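Pasting the structures in now, so scroll down.
After this come two complexes, each holding chain A, first together with chain B and then together with chain C.
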Partner chain A sequence: MADDKDVLRDVWFGRIPTCFALYQDEVTEKEAEPFYLLLPRVSYLTLVTDKVKKHFLKAVKPEDVEEMWFEYEGTPLKWHYPIGVLFDLHASNTALPWSITVHFKNFPERDLLHCLSNSVIEAHFMSCIKEADALKHKSQVINDMQKKDHKQLWMGLQNDKFDQFWAMNRKLMEYPTEEGGFRYIPFRIYQTMSDRPFIQKLFRPVSPEGHTHTLGDLLKEMYPAAIAHDGDSRKFQVLIQGIEPLLETPLQWLSEHLSHPDNFLHVCVLPVPTD
Partner chain B sequence: METWRCHVRAELVQRDGSQRDPYAGVFRSLSELQEQFEVRQQIWEDVQSPSLDQDGITFVDLHLWLRESEHLNKKLSQTVSDLTSVLYFKEAELHYWQSQVSRYRQEALSLARGSNTMKATLNQQEFTLERQAKELSALQKEHTRLRKGMVEAWKEKGELLQRWMEEKKEEAARVNKYNDAQERWRRLARRLKKQLRGEAVKSSEVTEVNMTNGGKEAISKLE
Partner chain C sequence: MTCVDVRVRADPSRGVKGLVSRQTETWKVDVIRQLKHRDKSQHDVFHDLVRHSLRCRGRERRVTAASRSPLLIAATLVNESISTGPLRNVSAASQERRAAAATLSLRSVILQEHSRMLDKSSISADFLRTARVPAGPDVSSENDLKTMTGELACQVVALQQEVIIKEKVLEQQHRKLSAVQQSFSRTRGDQQDLQGRVSQVQEANAGLKREYDALLECHRAAEQRFRQEKQRGCELLEDMIHHKQQAAARMNSHNERRSRARQVKLQKDLQVAQETPVTMTTTPQPVFSATSPPKDFPERTHSRLFRSASATSPRILTSIKELFERKRRGNSVCSVDQEVFRPARICVSAQLPVRARHSLDAHEQSINAVRFSSSSDLLATGGTDRVIKLWDLQAGTRYHGDTVVIMGSGKLNHRGTLDGSTGGITSIEFDPAGLKVLAASYNNSALLWSIDDSVPKVTLTGHSRKVTAARFRFCPQQVVTGSADRTLKLWDLQRAACVSTVQVFSYCSDLVCSENAVISGHFDGQIRLWDTRTASCTLELPAQGKVTSLDLCSDLRQLLSCCRDDCLQLLDLRGSNRRSLRAEGFKCGSDSTKAVFSPDGGYATAGSADGSLYIWSVTNGKLQTCLSGEHSSSITAVSWSLSGNYVVSVDKSRRAVLWSDI
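Up next is the complex of A and B:
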C-alpha cells in the first residue's frame, strides 16, 4: 500500500494543459487573449474555471452574458463528467494544450445540464459518491458518515486537498478481508462510437469460484469488441485516467486506486488512431 | 512487484511527463504574472493622487511595494494555514495507520496462534490417519486371507459334494444291483414254489386216489 499511495497521488495530481479561447462571434468589447490553465483531471470544468470566466467577462458586453459553457471542436463539454474523462474521450490523441472554446450565449439545452452555482456540482458529486457506495457497501459506509465527513470529501475536491479528501475517502475504499473486495465495482464505460452515454452494470470483483476478475474480464462481459482476439490487430484503446492499464490488472485494485474522487472507475474506449 | 502494477506506475509517470510537466512551469509563471498584473492594476486604479519625489522614490512606488507586500503576506499566511491543515491531517493519518498497525499486529498474533493450533491438530490428524491406514492395511490383508479361505472352502465343498454324489451314485447302483438280484431270487423262488405246489398237488391227488383206492380196498376188504 505504501507504493500504491504514490498511485493515488499521481491520479489526484494529474493535470491537463488547456488553452481557453472565447468564441469569435461573442467578442464585442475588446479582443480577449486566450487563457491558459492546468486543469485537474479529477475535478469538474465549472469548479475550476472561475478565473476563465473573470478573464473573458472583460471582453463581453454585460447584457450578452448568460451561463458560461464550453465546447471542443463543436462538441459541448458536459461539466458533470470529470475533466480527465472529457479529455480522454475527445482529445487524447490531439496536440497539447487542449483548446477549448468558451461561450456565454446560446446555451445548448439539449446537450448540457445547467450549473448555476457550486452547490449544483456538490450535489452531483455527492450523488455519485452515494451511488458508488451503494454498489460497494450497500450504502453502509456512506450512511455511517456524518454530514461533516461528507462536507470534508467535497471540500477536499473543491480546494484540491489530497490529504483532506483521502482522510475520509479511505473509509469508502475498505472492505471485509473475507469478502476479497467490494460487493460490486462502480464503473462506467464510455464509447465515442455510440449514442449510449455510457455502460454501467452490476459486476463483481471476484467470481463465484473465487477467481479475481480483471479489466479484461470486465470488457469481455460488457464490451467484447474492445478486446483484440488472437491474430487480429488492436482496434480500440482502453483509457483509464489517461493511461492504458494491462488487461490482466485486477479490477478491485483499479477501483481502489484509479477511481475518480466520485469513487467511479471511468473507462474510455476509443478507436485506435490510424496515423 | 506485479507486472500490471509496474505498468500502471510507469504509464502514470509517462502521462505526467508528456501532459503536465512540460507545461507546469510555464503555466505557473504565467498565472503568477497575471495575478501580479491584476494586483498592480488594482493598486494603480486605487492610487490616483499626485506623487512626491523623495530621493528618487515616488510615493506611488512605496504604496505599490506596500500593497504588494501585503498581498504576498496574505498569500504566505494562506500557505501557512494550508500547511497547518496538511500537518493536522498527516497527524490524524499517522494515528490512523498506527491503530491499523496495532490492529493488524493483533490479528497477526491471533492468526499465528490459530496457525500453531491448526498445525498441532494437523499433526494429530496425520498420526491418526497413519494409524488408521495401518489398521486398514491389516484389515485388508485379513480380508484377503479370509476370502482365500472362503474360496478354498467353497472349492472343498464342491469337491465333497461331487464325491458324495458319486458315492451316492455307486450306492444306488449297488442297491439296484442287489434289488435286481433279489428280484431274480424272488422270481426263482416263486417259480420253485409254483413248481413245488404243482408237485404237491400232483402227489396229493395221487395220494387221494391211492387213499380212495385204498379205502375202497379196505372197504372191500371189510366187506
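Up next is the complex of A and C:
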C-alpha cells in the first residue's frame, strides 16, 4: 500500500513553523531577535530547541540563565507531550507561525517537568513505547527486541531518520492475523477544558462480534460529547496529527498509521471555534 | 500514472487505486487529503522563509563575531563565500583575489535574500519586522568592509606580481615538457624505424627459410631417386648374375652333354674295338681277304674266344670304369676293395699299466668317450664340445741301458679333428678297418666320418632323443644305434636310412654287437639280447642296477657290464655264470661310465667317481691295481690299446691321461 507509506511519511515529516521570542521581562544585554524554526510534529520541544537556546543565550546574561522553558499565551508547554499535540491542543486555529515565548527564569515547578539532558527525553520516550506495546502485544514484541533495537528507535527519532525508525517500529505495528488487530489500542484523548490531563482506557480495535471499531466508536465510548448527534451542529473538533479524520476511519488503521513515534494515538478534542 | 476516477485526479500525488476497495477507503482518501493540505499550509509556505532566516542568523552571527579584526572578517567572508560558491580554489593567491569579490557578492546575496523574503512575507507582519532587522547590522558593517577593500587591493597587486613570476616558472616547465615530448616522439620514430627493420629482417629470414625448405625437398626427392636407382642397379646386378649363372649352367650342361657324348662315343669305340678282331701282325692274310664273308665268322668266333679267354680285360674295364666313376658326382661311401680287406689283429697279452705317461687337457669341455682304433694306433676322444679329436701315440725312443729301444709312445699327439656334429659326443667307434669313425651324439643322430675328412660323410637321424651308442655290425654297411628314446635302430649306410626300429622298453645306455645278436644294456637294469634276424628279444639278463656300459671281450664269450650301484658284472654268454667285481672306493660316477676289457680279455678296467682307475683281473675277480693321482674328477671312459700296452682314461674335467706299464 503505497498510500499508507505516504501517510506514514507525511506524518513523520510534518512541520510546524514556530517563532520563538524571548520573554520581554527577561533582562538582556542587547535586543534578542525572534528565532524562526520549523518544528517537527512528532518530536519533543527540548529535543529540537538547541539552536533556540544558543540564539537566545547570546542575548541573555550568563548569570541569569537557568533551565529554559516555553510557554504559549500563558500556558507552560509540557515538553513531554509531542510538539504536534501541543500545537493542536493550544494553537491549532491560530495564525501561523506559532509564537512561543522562551523563558529562562522562574521555572514553573508545578506545571512542568525538568529536562536537563537528552537522556531524560529518551527515558520518557522509551517508556511510552513500552506502555503502548504492553497494550498492543502484552509487551511481547518490545521485550523480544534487543537493546540496540530500542536505541535505534530513539536514534531514529532524535536524528529525524524515517527509515531507521520505521525499520524497527514496523515490528511494533504487526499483529497476528487471526486477531484482526492489536489487543488494545494505545490512545490518549486530550481535552482543553478538563482537569484530567488525558483519557486513556482499554479499548479493543475489533468488537467481540467481529466489527472493526472506528474512531466514532472510540469517541462514543470514551468521550461521547465529542460526537455530534444527528441534527446538532458540530460542537467539537477531533484532531489527530493536525487533521480531522472521518469518524468512520478504522481505529486499527489509525493506530498503525497516525500514531506518534511513541506508538500512541494522541487525539485532541477541541471546541469548534466560534468565529 | 492512470487516473481511475475524478477523485483520484484531484490528488495527483496519489498512485493507482483499485476500483473494488474504493468505497471502503473514503476515510483514507480523506485523511491523505487532509495531511496534504496541512503540510501545504503549515510547512511548505514557511519552509523557505525559515531556512533563509536561519542562514541570515548564521551570517549575522559571524559578522558580529568577526568585527574585531578586518582580516579575520575577510577570511571568514571568503571562507563562507567559498563554501557557498560552486568552485573550490586551492591556492592562497586566488583565494585572496576573490576576497574583494566575495565581500561584494555577499552584500548582493544578502540584498537578494532580503528581497525574496519581502516577496514571501506578505502573510505575516511579524515576519516582515523580523526580516528588516537583519538588514541593519549589514549596512553598518559595509563601511568597515570598504576600508578593508583598499587594504586588500594593495595586497592583491603584490600577489599579482607573484603570480606573474609563478607563471614564468610554469612557462619554463611547459617548454621543458615540450622539449621532452619532442625527444620522446623522436625516439618513438626511431623505435618504429627499428621495428620496421626488424620486420624486414624477419621477412628476409622467412624467405630464406622457405628457400631452404624447398632445397630440402629437392634434396629429399633426389635422395629418393638415388635410392630407387640403386635398387634398380642391384636388381639389374642380380639379374645379370642370374643370367650369368644360367649361362654357366647352360655351359655346364653343354659341357656335360659333350663329355657324355664323348664317353658314349668312347664306349662305342671301345665296343667296336672290342668286337673288331685284333689282327696279329705276323700273319699276313691276303688270302683270307678274298674270302671275307667266311672270314667274318671265324673272326667273330675269334673275338668270342678272345673275350672269354681274356681274364684281364674285365679288370681293365673296371679300372677304366673307375676312372669315370670318380668323375661322377655323389659320395661314394666306400670302395668295394676296402670292404674285402680286413686285417684282424689279436692281442696276445695286455700289460698292466703302472704309471701315467702323459696327461693333457684334450678338449674344451668334459670328455665322454675314448676309443683306440683296432687297426692302427689312432685314438679318438669325443665329448661335450661336439668334436672328435684324433691322436696317435708318438714314437719315442727310450734308452734302456746302452741299447736303444724304440717304443711306440711317449705322448699323445693331436692328429686331427672331426667336427660337424651338432651335439655332444656320447660314444665313438672305429670301423674294423680303422678308416672310419662312427659316433653317437646328443643331437638325436649318429655320424660317420672318414678319418681324413673332417666333415661327416653320413648323418643318421631318426631318433627322438639322444643316441647313446652307435656300433658297426658284423654285416657290412650296417650300423646299430641305441637311444634314450627306448628304441634300437638298424641303419643301412649306403642308403643312410633306417632299416628297422626295435622298441626296447627302456632307455638304452650302451650296446655291443656280436655275430648274430645285439646286446643292449638298459636303465631298467636289464641286459637284453636281440636276435637280428627275428628282431626280438631272445634273452633278458638282469643286471644289478642301472646299466651304464657294456663291453664284449674279443673272444665274444664274456660280457662286461658296469652298473650304477658301483659294481661290474662279468657275464658268460655261453653259460650263465655271473661274477661281480667290486672294490673299495669304486663308485660309478655317472650314467654313462664306460668299463672295458683288456684286449686279451684278462683284465677289466673302469674309472671311478673320484678319479682313480680300477683294474680287476678277470680270472680271479680281484682288484689288481688302482691308479689315482691324475684325474681330479670322475672318469667317464677308458680304452685299452690293441697292443695292450696303453690305457687312456678321460674324465669330466677335459683331462685325458695315458697310462702304460713302463
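We adopt the following convention: the second predicted complex is superposed on the first by the 274 of 275 C-alpha atoms of A that agree within 3 Å, B and C clash if a C-alpha of one lies under 4 Å from a C-alpha of the other, contacts with A are read in each partner's own complex, and residues count from 1 in each chain.
In this section, a residue touches a chain if its C-beta (ideal position, glycine included) is under 8 Å from a C-beta of that chain, and two chains touch if they have at least 3 such contacts.
All figures in this text were calculated on a predicted structure; none of them were measured in a lab.
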Superposition on chain A - do chain B and chain C clash or fit: clash
First (chain B), second (chain C), both or neither touched by A:L202: neither
First (chain B), second (chain C), both or neither touched by A:L96: both
Partner chain in contact with A:Y36 - chain B first, chain C second, else both or neither: both
First, second, both or neither for A:L246, with chain B first and chain C second: both
Chain B versus chain C as contact partner of A:D163, first or second or both or neither: first
First (chain B), second (chain C), both or neither touched by A:D10: both
Partner chain(s) touched by A:L116 [first = chain B, second = chain C, both, neither]: neither
Residues of chain A that lie at the interface with chain B and also at the interface with chain C: 3, 6-7, 10-11, 13-17, 36-38, 96-97, 241-246, 248-250, 253, 258
Sites on chain A touched by chain C in the complex: 2-3, 6-7, 10-11, 13-17, 19, 33-38, 51, 55, 58, 95-97, 99, 241-246, 248-250, 253, 258
In the complex, chain C residues that touch chain A: 13-15, 17, 26-28, 30-32, 34-39, 41-43, 45-47, 49-50, 53-54, 57, 61, 123-124, 126-127, 130, 133-134
Footprint of chain B on chain A - complex, ascending: 3-4, 6-7, 10-11, 13-17, 36-38, 96-97, 161, 163-164, 167, 170, 241-246, 248-250, 253, 257-258
Touch list for chain B against partner chain A, complex: 1, 3-5, 7-9, 11-16, 18-20, 22-24, 26-28, 30-31, 82, 85-86, 89-90, 92-93, 96
